[in-house]
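Shared between the two complexes below is chain A, which has chain B as its partner in the first and chain C in the second.
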Partner chain A sequence: MSSLLRQTALLVGLALLPAVGQALYFRSQISWDARVSESEMVSVDQARGWGADAIWIDARPEADFERDHVPGAILLNEDRWNELLSPFLQEHWKPEKKIVVYCSAESCNLAGDVARRLREEARLPNEIRVLKGGWEEWLKTRK
Partner chain B sequence: MNLPTKALVSVLFLGLSTVAQAQLTWEKTELNLEPPPGADSAVANFKYENKTDKTINIKAVRTSCGCTTAALQKNDVAPGEKGEIVATLKTGDRTGMQVKTVTVETDDPKEPQTILTLKANIAQFLELQPAFVFWTANEDPKPKTIVAKAGKGVTIKSLEVTSSTPDFTTKVEPGATAGEFKILVQPKETAHQSTANLVIKPDKAAGENKVFNASARVMPSSS
Partner chain C sequence: MNLIWRILGWLVGGVFIFAGLTKIVGFQPFHWLDPMEFARDIDNYKMLPWTISVGLALYLPWLEVICGLALIFRRWYSGALAILFALLLVFIGASIVAKTRGIDVSCGCFGHLSNQLSFAWHLALDFAIVAAVAALWLSDRQTYRAELAGD
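Now for the complex of A and B:
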């Protein structure tokens, strides 16, 4: 019985050590609020490959968009959703195109929220994906 | 207790004591907020206390999103001193559960970072389902319905809907329950492309000058 307890304690201890280490030293690198599943994401390379078949949406704040953005991207964020959604739908949206939404980085959830609202509120039938790594990742691979 | 067990217990205690030495003590590192519908911000007060005998310096406070600000009363926290970091989320047109973080950096080498989490469940003032209706070229120009539903805690007695162009007509009918309306949108024809912005105004009793938009579009024949 005591041998069983010792083995259990040993296993728990071994499992706890890396967890304590991670919590102490990598806390800031953990994405605590990631809410977009892998299947809803697209890599920069794949999204680039879609070329003119994709509409790019920038979900970042307007100031970031004004500073720089993916060429051809359209500003659509939740700060001014009510105001920006209608022009997007009336002037840019096409049912056959894929939609790629991005925000600043992997850890931001603005793109996920905008993608969800395009699906659930506007009920767009398009394939809507969130850019993996966001603007930061796109910048790394900018040609 | 044999030697390996003693070693294991020692390592576990060492790990736990390292965690317990956090210098600033936070009342809560996660706060859940329920701002009223239509509120333009959600404010979280993260209270702390320095329970040590040394002054702690807060070196930086960073937020996870441009929509959130964090105000710090002072950088140096004396022993026994209490204070708070006020995190404000500008709600804008956001809806649903919003999770934002505030990262606090101190000069404590053992726990240089603390992550504070603000969770705000933002109720929608008026839900439009869907916010967009469209017809393909030459589709039968039958009316399509947008259901408008008042959010939780919001009373809307009537809606006024106007189309930005005469290419579409709109009609408002009562919905299945109080605070619910059916907006019937119909294009005059679908042989030519056209678009309209539908401006939706709840009655004044519901809130000051709240205006919502929906869109209607007849697609061009080429797409």
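Now for the complex of A and C:
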């Protein structure tokens, strides 16, 4: 039994070494505090202030978008990514505009994932931000 | 008979090395993968704080690789089997809990390769590996007892 515990502890400890090395190697890319880092987010007030300089993207499911959405927002979610991306790029995207992506609330991950895919897969050069507090926060401050 | 257990150990070890490496490196071409990708997979289960998901994303793949190597080279063999058995039970438990909560997640078990794996296939694969690890464990115990009796 003590041999089993010793072996387990050795293996658990041994795996820590490369993990720490990897954490150091990727330290600039790792966000320990939140799935979407603070610098990638934008408040509702600031995003509103951008006015026509921003394109709003709704990353929620289509049913939620149909119910209500930010005026002028475009539906682009992960469920229908392949289908919706091309029309978005052809009809709405402009290189000089900022992009604001939102989902239902602070805790949802959809907006962060869509924003990341726009940067990494669609390789858009725009400033792409995730709306802090999402749709819930936008509703609170709707005028 | 011993050879069969050896081969099963190599197979299970190989599966875990492969599973770990698919989360650490990309193969076409070879490059280090961003650990945040696996952190997001863990976070999708909505069971752990983000910080712990990041820590696990950095740690678990290496633990899988090292335990897989331990099985292949029969070094710290019992410890590796115990760890892998515990890991599998946690993976299965987390998957079932996520499913019952209506969260449809890719397990991330084999990096992006497992994105297309259905829940049923994911569970079947996990249970098959659990059975193999349990069988290796029993065989190891029998060998250990036989050695003790021989002394």
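Convention: the second predicted complex is superposed on the first by the 109 of 143 C-alpha atoms of A that agree within 3 Å, B and C clash if a C-alpha of one lies under 4 Å from a C-alpha of the other, contacts with A are read in each partner's own complex, and residues count from 1 in each chain.
Convention: contacts are C-beta pairs under 8 Å (C-beta built on N, C-alpha and C of every residue); 3 or more make two chains touch, one makes a residue touch a chain.
Predicted model, so just to flag it, every value in this text is computed and none were measured.
Q: Go through the superposed model and pick first if A:Trp81 touches only chain B, second if only chain C, both, or neither.
A: Once the two structures are laid over each other on A, A:Trp81 reaches chain B alone.
Q: Looking at A:Gly51 after the superposition, I want to know if it touches chain B, chain C, both of them or none. Which is it: first, second, both, neither?
A: Neither chain B nor chain C is touched by A:Gly51.
Q: Applying the touch criterion given at the start, work out whether A:Ala63 contacts chain B, chain C, both or neither, answering first, second, both or neither.
A: Touch partner of A:Ala63: chain B, not chain C.
Q: Go through the superposed model and pick first if A:Ala15 touches only chain B, second if only chain C, both, or neither.
A: So A:Ala15 only meets chain C here.
Q: In the overlay, answer first, second, both or neither for which of chain B and chain C A:Gln90 touches.
A: Only chain B; A:Gln90 stays clear of chain C.
Q: Quick one: name whichever of chain B and chain C touches more residues of chain A.
A: If we count touched residues of chain A for both partners, the winner is B.
Q: Kindly classify A:Asp113 by the partners it touches after superposition: chain B alone (first), chain C alone (second), both, or neither?
A: Once the two structures are laid over each other on A, A:Asp113 reaches both partners.
Q: Determine, under the contact definition given at the top, whether A:Pro71 touches first (chain B), second (chain C), both, or neither.
A: neither
Q: Taking the superposition on A as described, I'd like to know which of chain B and chain C A:Leu4 touches: first, second, both or neither.
A: second
Q: So which positions on chain A get touched by both chain B and chain C?
A: 6, 9-10, 16, 20, 23, 32-33, 35, 109, 113
Q: Could you list, by residue number, the parts of chain A that touch chain B in their complex?
A: Touch residues, chain A against chain B: 6, 9-10, 13, 16-17, 20, 23-24, 27-28, 32-33, 35, 60-61, 63-64, 77-83, 85-86, 89-91, 93-96, 107-110, 113, 116-117, 121-124.
Q: Provide the residue numbers of chain B that touch chain A in the complex, in ascending order.
A: 4-5, 8-9, 11-12, 15-16, 18-19, 64-67, 90, 92-96, 98-101, 103, 111, 113, 115, 117, 128-132, 134, 136, 195-197, 211-215, 217, 219, 223
Q: For a test of understanding, state which residues of chain A touch chain C in their complex under the given definition.
A: Interface residues on chain A, with respect to chain C: 3-12, 14-16, 18-20, 22-23, 25-26, 29-35, 109, 113.
Q: Considering the complex alone, what residue numbers of chain C touch chain A?
A: Interface residues on the chain C side: 24, 32, 34-36, 39-40, 43-44, 50-51, 54, 58-59, 62-63, 65-67, 70, 76-80, 82-83.
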